[in-house]
Every structure is written in structure tokens, then in C-alpha cells.
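Below is a structure I'd like to ask you about.
So that you can tell them apart, the chains are marked A, B, C and D in the order they are listed, and the count of residues begins at 1 in each.
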Amino acid sequence: MNNLMRIDGLSTHFFTEDGEVKAVDDVSFRVREGETVCIVGESGCGKSVTAMSIMGLVESPGGKVTSGSIEFQGEDLLQLDKHTLRSMRGHELAMIFQEPMSSLNPVIKIGEQIMEPLRVHLKLNKKEARAKAIELISQVGISRPEQIADSYPHELSGGMLQRIMIAIAISCGPKLLIADEPTTALDVTIQAQILDMLRQFKADSGMSILLITHDLGVVAEMADYVIVMYSGKIVEEGEVVELFSNPKHPYTRGLLKSKPVINQRQEELYSIPGQVPNPLELAPSCYFHDRCEHCMPVCRSKQPVLQDVGNGQKVSCWLYEEALIHA
Amino acid sequence: MSTYLTKRLLYMIIILFGASLLIFCLYASTPGDFITGNIKLTAERKAELREIYGLNKPVLERYGLWMKNALHGDFGYSLAQQKPVLQLFNDYIWNSFLLAAVSTFLTWVIAVIIGVVSAYKQYSWFDTLVMVAIFAAMSLPSFFIGLFLIKILAVDLKWLPPGGIITTGSNATGWEYIKEVVRHMALPVIVMTLLGLGSLTRYFRSNMIDVLRQDYIRTARAKGLRERKVLFTHALRNALLPAITLVGFELPALFGGSLIIEKIFNWPGIGQLYMQSFGLRDYPLLMGFTMFIAILTVIGTLLSDLLYRIADPRVRLQ
Amino acid sequence: MAVNSSLAPVRRAGAASGRSSLFRQSVRRLLHNKLAMSGFVVVLFMFALCFVGPLFSPYTDNKINMAMMNKAPGLKHWLGTDALGRDILTRVMQAGRISLTVGLASMVLSVFIGALLGAVAGYYRGVADQIIMRVADLLLTIPGLPLLFIFGALLSEWKIPTDYRMYIVMLMLSIVNWPGMARMVRGQMLSLREREFMQAAVVLGLRDRRKLFNHLLPNIIPLLIVMATLNIGGAILSESVLSFFGLGVMPPTPTWGNMIDAANNMIDFQQRPWLWIPPGLSIFATVIAINIFGDGLRDVLDPKQKR
Amino acid sequence: MPETLLEVNHLKKYFPITKGLLNRTVGQVKAVDDISIRLQPGETFGLVGESGSGKSTVGRTILRLTEKTAGEVKFKGVDIHTLPPEELRGLRPKMQLIFQDPYSSLNPRVRVGDAIGEALLDHGLCSRSDVRDLVLETLESCGLSSYHIDRFPHEFSGGQRQRIGIARALILNPELIIADEPVSALDVSIQAQIINLFSKLQQSRGLTYLFISHDLSVVEHLCTTIGVMYLGSMVETASRDELFRHPLHPYTKALLSAVPIPIPKLKRERIVLKGDIPSPANPPSGCKFHTRCPFAEEVCRSQVPVFRDAGGGHFVACHLV
């Protein structure tokens, strides 16, 4: 498979009253055509900021992509002029968000909101756009599409609105769909519907999906390739089966063990002690060191680099570094 | 009629009754009356006139009489001008409305534009400048800025007339008349716009800042819409929506005139009429005017509520 | 939004270790707000000028000096003199004492009445709420300026000595201002009652007294401080209007408002602007500084900013 | 047989719906519609459901944070909803609530130590001089440090705040703790810490929990008995193993199969429900689930199924079981 997008050394920083926060710190990965890549991590790990950096929607002032490149279909998105990047958003690059309830404009009818990208990117006229919008609504599994097109967002449930968001995202046939926690705000039975639909659209259109989530269950269900982030850095990445069956980084292992799984009840749940470090007080070290069972002196003073450890898996941890050295 | 509306209207009426009683008693207890001030009259004549106008009766009885007439649409007879109060209102109110309408319109247009731009460029030097200007406008003593501008623009530079609605003694007609009125309006309109601008600009600015932070603005950008479209279709609609409630609150200002500005600029409006009558203790007129404003205030509040319910689809169909 | 949550720990870090104080944190943040601090400095300056300034002036007595009538600003009298030969600068400073005192005192009074009644209405609801809010509605329905005018006229009727008028003016302004304050505090109370931590207080079975004094009031005080600050500016403006129209504080007690009264005289207005422009600018400078400072306070103290 | 700690009988809670410009009452949301629960001391009852199922309202109505519409709530035989206010206040320490949102449930202007200790003082459970020691002890047992006592809530992370919320409830020595989605606002690694804290405290203090959650895996881990709610009604109640091994109600089955499991390429049979959860303001006739049920028959549309024992204390409300 060919690369659709290659991110290299991406850093996005936020400049706050209290200092500089490296929300995304030297992150590199790629998304191949037709592949689903999941970025998994806890709040504040930089997974959403990575997505916003790709879309060119990092909040400014305050946030800024400070270095790196995002090569999408051979072009560096970070070098493009504003106008070109804008014409790619919603067209080749589409995005859906966590909160469907607040992601649609409350005072504009659903139909019009779906029509907007069709008119801007595909240059459809009003009539064509409306016809296509109605078709899209029924495509995302909503009955009575005409009636829905003329309603306002508050008249629909969260699940329906997320379907509408998906309809908007796929309307112009994107190459890459970025889904930032698309089901976190939804109930499980609705989540199952939405995930099924995303899978089906992917199969039909051959688009790639960059799925951002904190839910390992969702990752296992959707991903081909998984990236684990912690405090703005990638700590481990690999093919989904390999990563789940043979996690290398202590954080990944801890994460997998600390989630209770249905029908696999244990008397005591494993838990990672402590909490995420303060992003303002990060010194050169492994950022996970004070929560890690295997912490060594080197972990406190030097940052490990992401290394290939075979089986297409990469990990950033001194444990494997040592192993490599001694081998 | 719905119970909600009935309840609101009933409450409005009760409040207005209470207000009228309070105001009436207050006016009644202010020193002197229209007759006291007239030195030409003999003591007997004064007593006679008081008898005629009912000024010697107890306050509550007079209030009862006033209320009875008011309920029949008769707000009394101005003692000083010897005309029915309502007719006087009709003579003066449109001058007030002219000033208020023009300056309100200007205030809203300017406030929306500046508010939107400075919200969009939050933290820029332009925004800081706007913030300082907003505070300046909010801190102006209205009579002082009026006098100050008259002194500079009318007295010293002689660009504009210092007051009145037409030049004294002028008998211009047609276009000439309109031009003259416009020239006389200019200064009071500038001052009134300036005074209103501060809080309104601030209101739009902070509304717009809130809206620009919403998730749906991010969605609009993610769709690849032009920034102008994001700003004016998606953001502005949401930022303007709550402002609809303000329309109702403008009601008393639109028709009630401005006591201070009209006095300073010698504008023959209803506010100026009130100021004159206050000195003369022309109670029927004072009472009529105050109640008029009170009624406008109450109606305006109700109007705001209803407008908001109609305008916001979220409220409308809940 | 995602970015906010990623920054959540930052706020946590802002706190010093050990026993911390919300007050000290607020002061520190306020000190960083340049605009607000410059407002504060101007307010301080105006207070210093008005309360300390006259001590250094050679013209403090109200003695009439016929030789120095209506002199334009010059070396001897920086802002000129009035029709009685009194130094304008000194009078502006003395007037400022009264204007600032009236503003401050009427603020204290209306905040006290408004907060007390608003809190009672919002916390106890029921009959007390009904009565208080009906009275407030009534007062809010009557236009403010005519109401003040009536009060002003009553003052003359009661033959209040001019020295005492300023106290009555304070009271008048408070009567007009408290309903707005009460309504605000009540609204805040009602919304706080719905907050989850108040439900927690119910579940814990806390006594009413503790709920009111330890949970609700501390959350209202920041709003009160901000409202109070902005209220001073409003009161100074109202007082000046009243005094300008001769219904507030009356000469010989000088206030900024009644000094501008000079402008009602055609000749003074057109040819002796030093009589009325300095007090006008003083009002403007003081009120704008108070407003800017109050807005900065709001940024720092507004509970909406903090979780 | 130990004494029943909490007995909820046919509890109902309806909220009025008012509409539009006219503010008319046009209907009722039947948030809780005839729910019965029985809790023995030391038990953990898990109440599961999706949004709109009314599970949180059950918790709040039990504690009389909102007044009931009908039914009764008995705590150790005392009817909570008929107690005069002062007696109810006296009983409060025995039944505590832990909130979902650790941010809004702590007063931002009250120091942690005061927030935890104040209820002790108000109930006269402890003298002023001993409060601090007791608070310190409780902080420690909830995994916090003694230097936290004088800090304000905003200085803590979500997980730590949830610990503060737990400490605040725990210090009163409650017999019943109602936990309303206590871990759903937390990150996975922190979730595990809090879940373990719940287990540990139950073992050391013999607490009884009513654990309200939408997350079946968490409920399975913690609870001994589980009830599944749909649109205000209980559809199934059984012991943990029974419910997870042999779910009877189609909704329970669908719910279980919809939970994503962190094992890639796992093949499992899945019931994907069609459509949305209907509005509780306008619930379907008959069995409320029939609009989404893959097995619905004519009888489901017209008749309300009876909640009955299907054998061995496994209760279910379904015509087809």
C-alpha cells in the first residue's frame, strides 16, 4: 500500500501564561491508503492536537506548529498557503468530532450545513447540493431525509447528529477521515452503529481513517495500525494484533491490563500508580518514569528514542534500548 | 390565551398600579405646586384654583381620580400649557423619536461592526484600542460631553448649530427645512451614539468571542469554508441572536426621549418638556410622562422575552 | 475542547505548594494585568489628589478674592479662578473629595442592601423572595432619573442644610441602585443552588447556616467585589448629573457636578471654559479608571473563568 | 438472613414537560417508572443503562434530592420520603452519594480539609479538635497525602478530586454509598485506581454500594447483583455471573454484544440495534423496547411485559422469555 500521509517530526506547542506546553513533541508516523490508524492515549497526551495540526486548525494565538512536516499526497500541508489548505479541508481531508451536540451550528438547518461543503468544493448549485444532501442523509441510515434536512440540530439526538457529521465529512469523498473520539459521547448501542458505519464507508470508498480514541476496545475493533501517545510523545506503535498480543512499553501494558474486560473478570484490577506529569515541568527523561515499575536510573535523566524492535513494532523505552545494546 | 402570557400580563398590570401609586404619592409630596409659583395670583384666587384643580383634596382621593381617568384613556390636562397631556406627548414625542431612532440605528451598526472585528482580532492592538475606547464611552458624563462638544464644534469652530431643532426665526420649508433639521440633529445624535456605543460594542464583542470558541465554528472551518463565511454566516448569526432581547429594552429610550441630552441641546422633545414641567410642578404632565416610561419599560421587558423565544430555534421548539 | 483539557494540569501547577490562598493568587494575576493596574494607579492618584492635594495648596480657604476674579489659567492659578476669585484647582480637589466620598459611600450602601436582600430572596425563596423581588421590580419599572429628581426636590422641601445634603444624596443613589444589585445576587444564588456541590452539601446533611456562609457566600463575594467597583463609577456619574441640575449637592459645598453648573451661564460657558472643563475631565478620568480596573477585577475573580 | 439495608418499592419519578412560548405543561417525562430494588448489607448492586434510562434519577430520588412521584424508599425500615427535614438530615451521614463530575461536585472556594471535615462537625460526630486528625486519616485511606488538606480543589487532577469526593463521603462512616458514574469522567489508568479504591474500601469497611454506570465492564468487575434499565423501567435483574453468562432480555444481550472488547480481530456474534433510544417523554407502547428489538412480535407492541422471576432470582420483563 502507498503512503497517503507522512508526518515527520511534528511539534505543536501552546504558549500559556505559565509557560510553554509541548502538546505534540516530535511525532512521526504515516497513514497508508485504505488503512485505519488509531492514536490512543489519555487526556492531555496530544492526540487531538495532532489531529488539529493536520487540519491546520490549531488554535491561534496560543498554539503553533513549531516544526516538522505533514506530507499528504506528496505535498507538505504545513507549507501550503492558507487558500490551498482551506480548499483541501472538507474535501480531501475531513474531520468529525467528539461532541455531535455542539459541533453543528444551532441556528442553521441540517440540510444547509450538509450542502455547504458540496457547494464550496464540488461547486454544485443549490438544487444539486440539496439533492445530494438528502441522498447523504439516507446514506448514513436516517429515514425521512427530507424532513431531517429541514430540521435544526437540537431536534435530533446525539447519535443522529453524529451520523449527520459523518455525512458532512464524507460528502466530498475525502481521502482521509480524521475522527476525534467520534463515539465517546454516545451510548454503547449507538457507538456500535457508528463504528459499523465508519467501517462500511471505508470499505466502500477506500479512504483512510485516522481514529483518535482513549478506548482500547474501539481501537481493537477498528484499527489496522496503532499509535500509543503519552505526554505529547509516541511511546509505542505497531500493527494492531501484534501490539495487543505483545505490548512492549510498560505504559501500553499497564493500559491494557487496567481496563476491565467483559467476561474476563479478575479479583483485582491492575492499575498504573500516580498520574500524568505536569506538561510544564517536563525535564529530559522518560516521561513515564515515575509511574513505571521498571524504572532505571537512565529513565530519569535521558529521553529514550523510538526504536524498531521487530515485527513492525516500534517502542520508546530504555528497557529495549538496553536489550539492543547487550544483544 | 396561554397561562404564561396571562400571568405575565397580570403581573405587569399589578406592577404598573404599584408604580403609579408610588410615583403619584412622591410627586404629591414634592414641595409646591403649579399655583404656588405664580406670583400674580392673590391668595383667594390660589385657593379657588386649587379647588378647581382638586389640589386640596387628600392624596389618595386625587390618585383615585387620576387612575379612574387614566383607565378611560384620559391622562389629564397640563396646567402650564393648558392642553391635554396626551396631545402634548403627541406634539413632542416624534422629535424625540427622530433623535433616538437615528442614534440607535447608528449605535447598533457601528457596535456590531467594531464588536465583530475586535473579537475576531482578540488581543491585537486594534482590540486593545477598542477596549479602551469602550471604557471611555462608558465613562462619559453625558451632560459634560454634550457641553464640551457644543463648546468646541458649535461655539469655537462654528461648524454646527449649538441647539434647537431649527434656527430661531427661520421659516425654511421643503428641502431647506430638512437640511436644517439634519444639521441641528448632528450634535445630539453624535453624543447619543457615543454614549450608547460603549456597552453595546462590548456586548457584541464578548458575544462574538464566546461564539468563536464554539465547536461548530471549528466544524465550519474543518469543512473548508472561507473565513468570511465562517465569520458572517456561522458566527454572526449566533452572536446576534441574543441581542434580540435588547431590542425590547431599547423601547423606553426610543420613545421616552432623553432628559439630559434634550435639555443640553435645547431639543424640543418629550424629555425637554418634562424638564420644563418639573420646574413648574405641572403634575399631570409629570405623572403622565413617568407612567408612560414605566409602561414602555414593562412592555419592553415582555417584548424581549417573547422575541427571544421566537428567534431562537432551540427555545422555540423545546 | 481538546486543547482545554490538555492544558488542565497547567492550572494545577500554577499553585504554590503548601497552604495556598485564593486571594493571593488573584492579586498576583491582577498585578499581571497591565491595563487594570494602570486603571488602579489612576484611581489611586485621583484619591491622593483629592484627599491629600488640598493640604499643599495655598488657596484652601473659601475666601473671596475680588482682585482675582475670573482669571484664566496662569502661573499663580494653574487652572484659573472663578467669579469669586477662588482657585479652580483647589476647588476641583475639594470637590473631588465630596464626589468620591459620595460614590464610595453610596456604593457601600447599595451593595450592602442589595446583597443582603438578594441573598435572602435567593436562599430562602418563598414569601421573602416574593416581597423583595416585587419591590425591586417596582423600583426598576420607575425610570431612574425622574425618581432622583423627585427625591432631589424633596430634599429642598425638607430644608436639609447644604452640609448634610451629600449624605442624603448617597442614600438616594442607593435607593435607586439596590434593586439591580439584589436581582443579580439573587440570580447568582439561584444558579449556585443548582450546582452539584450544593447538592453534595444536601447529601452531607450540612446545616443551613453552613450552606449559606461557607458555601454560597464565598462564591458570591467575587461578583460583589466586581459589581461594587463598577458601581462606584456609576454613582459618581449619577451624583454629577443631579448636582449639575441643582438637585444633588448644592454650593457652597463643591462637587464636580455642581462646578460644571458654571456652564449654564452663557458667558462662563463660552469664554471661561476653565471653570467647567477641569471638573468634567476629572469625572471622566476617575470613572474610566474605575471601569478599567473593575473589568480587570472581573477577569481575575469571575468564577466562570475558574472551575 | 441479614436485615435489608435499602428497599425501593415501585418508585416513580415523573418530570413535567413545558413547551415553547406558552410554557404549558404538555406531558411528563417518566424518568423512573415503577422501579423496585432491594439491597442487602455488604452487597454491590450495579444499575446499568444508557442515557435517558433514568438510572441517575433513581439514585437521586432514593436520596430525596428530588421528591418522588410515587412509591416508597426505605432505608433500614425508615421511609426516607416521609421523614421531617431535621430527622432526614440526621440520617444523611448513613447514606452518601458520589458524583460523576469531580469538578463541579467540589466547591471551588472551600479547602479540601474543610470540605471533608465540615459534615462531621455539623452532625456533632466529632469534636473540633479531633477533626483534623480524622480528615488526615481519611485522606490517607483514600490515597491522598496529608499536605493536601489545606489546598483548594482546582489544584488537583480529576482522579484526585474523585478521591476527595470519596473521602468526603467516607468520613461519615456511611452504610450505603450511591455512586453515580463515579469513574466515567476519568482516564483509563485513573479509572482502575478508583475502581480498586472502591473494592478496597468495601472490604475494609463492609460498605454497601449502589453503583450506577453505563459501562458494563466496570459493573461486571465491581458488582454482585446487576439491574438493567431501559427508558425508566427495569428490564432484567440477576446476579453478576448469571447476567453476564445467560442474559435473557434482548436488550441486555444487545448491550453486552455492543461493548467493544480490546482483542483485535475477535469474531463474535453481535446484535446491532437499529435506531435511536426513544425519548422518555414519549415512550413506545407495550414493551418500551419493541421499537428496537430484533425479535419483537405483535404482543410486544400492545402489552406491557410483567417483571417476573425466570428462575433462581433472575428477573426479566420480556414476553418472549
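Operating definition for what follows: contacts are C-beta pairs under 8 Å (C-beta built on N, C-alpha and C of every residue); 3 or more make two chains touch, one makes a residue touch a chain.
A quick note: this is a predicted structure, and the numbers were derived from the prediction, not measured.
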Chain C and chain A - chains in contact with each: B, D
Chain at maximum distance from chain D, centres defined as averaged CA atoms: B
Chain centre separation in whole Å, for chain D relative to chain A (CA means): 32
Centre-of-Cα separation between chain B and chain A, whole angstrom: 54
Between chain D and chain B, distance of the C-alpha-averaged centres to the nearest whole Å: 54
Separation of chain B from chain C, taking each centre as the mean of its C-alpha atoms, in whole Å: 24
Chain D, residues touching no fewer than two other chains: 157
Set of chain C residues in contact with two or more other chains: 8-9, 12
Residues of chain A touching at least two other chains: 43, 276
In the complex with chain B, residue positions of chain C that touch it: 1, 35, 134, 137-138, 140-143, 145-147, 149-150, 153-154, 156-157, 233, 237, 240-241, 244, 260, 263, 269-270, 273, 276-277, 280, 283-284, 287-288, 290-292, 295
Residues on chain A engaged by chain D in the complex (per definition of touch): 42-43, 157-160, 187-193, 195-196, 214-221, 223, 240-241, 244, 254-256, 258-263, 265-266, 268-273, 275-276
Complex contact set, residues of chain B against chain C: 15-16, 18-19, 22-23, 26-27, 29-31, 128, 131-132, 135-136, 138-145, 147-148, 151, 155, 213, 215, 218, 252, 256, 259-260, 274, 278, 286, 289-290, 293-294, 297-298
Complex interface listing, chain C residues touching chain D: 8-9, 11-12, 15, 17-20, 22, 195-197, 199-207, 210, 214-215, 218-219, 303, 306-307
Complex contact set, residues of chain D against chain A: 50-51, 157, 159-160, 187-193, 195-196, 199, 214, 216-218, 220-221, 244, 254-266, 270, 272-273, 276-277, 292
